[in-house]
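Naming follows writing order (A, B, C and D), and every chain is counted from residue 1.
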């Protein structure tokens, strides 16, 4: 029994010791990791949906509270010579195999979408996963804020056989549009508008 | 977050450790604590080399006593000692096991086809079972060499694997790898216990030998000058090599393949040479014995069968006691075979060597008179071997047999052996054609008598050794063939004076295959005789098995009034009683008795250790037909060395000096060089073997 | 139903855990010398992989996610798997000795089998539901067993054929595994 | 000093993983698509191996033998988590590339093998040096294998184009089959080299220079 107790004690203590160390390390690296994740996961998507900027949208990101809700949204601005060209924000909806993450870019000048990019998704390979393909996402480039699938009377062609995935991504864009519209005043306040 | 992490991880660690600790208590399988200790000292590599499922399995086996402290093949002596320390076992007592190659063929073994596939025996074996003609022979591609983890096997120059005894750890990898079963892991005990099987590599001589001595191997050793090696090889099957070197009727030489070239190899002369070499140099080579078991076994009868059985039991680690009715050990060797064939001092030297292994002896104790089996059982003996021989003479079944001057051959020879030669007068008639009859006749010659030997068939039918018959004729024994006694003529005092005989002719063959002699009416004749020695039909004396006043005894006999014993195990109708030698077979050769002694020892060993007597179904029972060739080609003639004789003339017929002599070293060299080194079907040719392909065993393709 | 069927096919053939995902290679090479051993090891992996993936799923769902401690995933998983394996070993030894005899000796080898840990982590990264986790981990285990048995069968034959001396043993086994992996590539077109 | 050097250098040649001691194959096969990845993985292993050896050596006296393996695992896993965090913070692309194999460092037999076979029996400094040597050896092997596969598979080395323009990348090399075959060939080359070396020195040539999973004590627990 004594040996058993010692076993338990040693294992527990070692676990405890390392947990503190690790937690400390986690605290210390947390902000840096976030930065890295944004740079390497969201960064490429932002580059796809925004263009013509000369700043780093990830470094200049800001968080806004959506009016009327508690939700906080990270917005990535595209600036040129300090003036705001457009913004990008990421939204998530439930897809076929899990969350579909969509980075949606907005043109401040024309009030329409500058493009979208899929950041994360776990759709069925070869079918739903085609939403990430160029053919699907490019439809959104310079599209008006009013997006809808053709099946529902809109102008976006869904992926054949992957209704759920197509709907999910369109829903995400719609969500982003509504958020954008709600926080637009705050955005223009935060960065000097270019137009 | 730090707090969360701390709590979760500590909780997890605590839970895991607690569950395991509790589980190890609740789910504790009652195990010998030594299993864990043994496992701790094993290397823990789970390599499986020991043949058990991992180190835990090996530890289990050790603790259960299924395996010794040297279970681990890779751990070496340190591990063995550590395991031994845990188990309290003496490590050094463990019997050494080594890989052993049975096949001797190698490159001289003929090939059925020219194989050019992958250089691996197992690959070759997939193709019609391999290219060698011999179904059991080594294919020689060295798979064993490749699998040996200890670098202990190397392919020798003859295309056969050579095991390095120092490097071999008996891991069995080679045994498993060999598709032909050429290699086996054997200890000394295993060799002693092995009953020859038809798929062993057995030369005809070894098959024929009643004791299955590995003849080619000892001749090979003798040829290489390794006389001690030869002696040890013989001792694996026959502890009485001095005796057999002198008196063996050598059935092996009958089937020697060399008989198809010229004459058989003088196998027994070679045996005698190495046996004499040991005795003359008074070497007393060390005879290894297995670890003491302390099991007591009574060996009743100190003749060749009893001596052999006691010898092998002792070497297997048991404690036999020989109980002998006569004042000295040796049985028929001492009391039946005359001095001129087997000098008593040589016999004594040989017996002493066996007793020196640690065998107890009780002399002058006769079964049934001085003790019974029940007495011995109460004394703590666990098994019994009956090697009581065949000492009772058959009767001639003629009138006047009770007359004074009529004695049996065994009686006569025993008297001589005891140093009390009976008064036999001048004219002696010996009746019978066996070795006992010849021995009696030749002994009588040496006592200065005029000896006539009466046999009811012809010389060709005499069961005695040809050399013996010739020797008797040389010494002046007169033979009367085709003549049978009908009546003993007595004088008034009841003393025999003449023997009346009738001539016979040979009729139809009887059960034994010999032609039955039929008397010819009216041909009676009388021969004068002071003494008539009847040397016919010895039988075991079975009266000792009957307790006084009882008709029945609980041991079964055959209809020839010998002890009934299982032919392969020699077990009698009483499970713990075994019997062998003349008592079972009727009068037979020394070497048969020696072989029976070993078989009985094997049976007793198994019965005492594992409770049953295992028998392979491919045990060698008769000669393997395809090994007996009609002709042996490719060999030049080499004359057989004549038997050297020590004495001649008067010296020979008037003294009991030993007649036959021993080879010289040169003669030995010549004789061993005549051996064809036969394997199962291979043998040494003078011509090289290249391009000799055969399509059927033993037959050459033209 | 079709989804699960596809999951099975994908886990066993298309994304075979050993041949396409490079997981569990040490035992794959180490225990593939004999078919009998391969079968024992394979079934042990199927068993342990399924079990540990299910348990780690629960740990992640009810412990790590609510507390926001995803970063401790590696640590907790390995701890849970190691204790689980040891527990199962003790349990089998007590409760089902025949099973222990055939499977038990392989269990200790599995603690450090990256296939088991890898399957658990993949299930988390793919955010499978519980049922899917069980199905997926079982299928992955089967994939491992399949590859292991096939390789051991090949190696038993290779053993008796002429291989260059330098290739004997592990090198030729690796090359065989490579060719098997190439063969399994053909399944890529299936889904 | 010579003892330290001996422990250090054995990982570089005598017991060079994974060639001399076939251990830790999964990362070897999986992350060696490019020399970069191999090198990065190697660095992570050096860190974990050295640190775990040091820690195990420190704690070796207080750990009860029955939970020995569990404790070693916790130590190794904690180090792996640290590596994960640090890699995410400072080398995120590498973390993305190595993916699942970063957490799987914990089940790399080398880590537990060295902890069990060496660090749990030796003082801190020796253990550290042993871990460092083994780690560096492992890194060299990984980088080498990665380099070869990258060179033939992409025509580049550490991302720089090496092969002539018209070289058509042999993409077999960077796929799973290529990994197996390439490692097999390298092991075989290693065998040839070892026996050549032995022959040159006049030593007996061993048929199978230790390519057995024997040296890793861990499988046996």
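Assorted remarks:
Note that contacts are C-beta pairs under 8 Å (C-beta built on N, C-alpha and C of every residue); 3 or more make two chains touch, one makes a residue touch a chain.
The shown structure was predicted, so the numbers you read here are calculated from the model rather than taken from an experiment.
Per-pair counts of C-beta contacts peak for the chains C-D. The centroid of the Cα atoms in chain C and the matching centroid in chain D are 21 Å apart.
Averaging Cα coordinates per chain places chain A and chain D 37 Å apart. Note on chain placement: the centre of chain B and the centre of chain D lie 61 Å apart, centres being C-alpha means. Rounded to whole angstrom units, the spacing between the C-alpha centres of chain B and chain C is 57.
For chain A, the set of residues that touch two or more other chains comprises 7, 11, 14-15, 18-19, 22, 26. Residues of chain C in contact with two or more other chains: 71-72, 75, 79, 82-83, 86, 109. In chain B, the residues touching two or more other chains are 1, 4-5, 8-9, 12-13, 16-17, 20, 24, 46, 54. If you sketch which chains touch which, every chain touches every other chain without exception.
Residues of chain A touching chain B in their complex: 4-5, 7-8, 11-12, 14-16, 18-20, 22-24, 26-27. Of all residues in chain C, those touching chain B in their complex are 63-64, 67-69, 72, 75-76, 79-80, 82-83, 86-87, 90-91, 93-95, 101, 105, 109, 159-162. The touching residues of chain A, counted against chain D in their complex, run 3, 6-7, 10-11, 14-15, 18, 21-22, 25-26, 29, 32-33, 36-37, 39-40.
On the side of chain C, the complex with chain D involves touching residues 19-26, 28-30, 71-75, 77-79, 82-83, 86, 108-109, 111-114, 117-118, 121-122, 125, 164-175, 177-179, 181-182, 185.
Residues of chain D touching chain B in their complex: 67, 70, 74, 207, 214, 217, 219-221.
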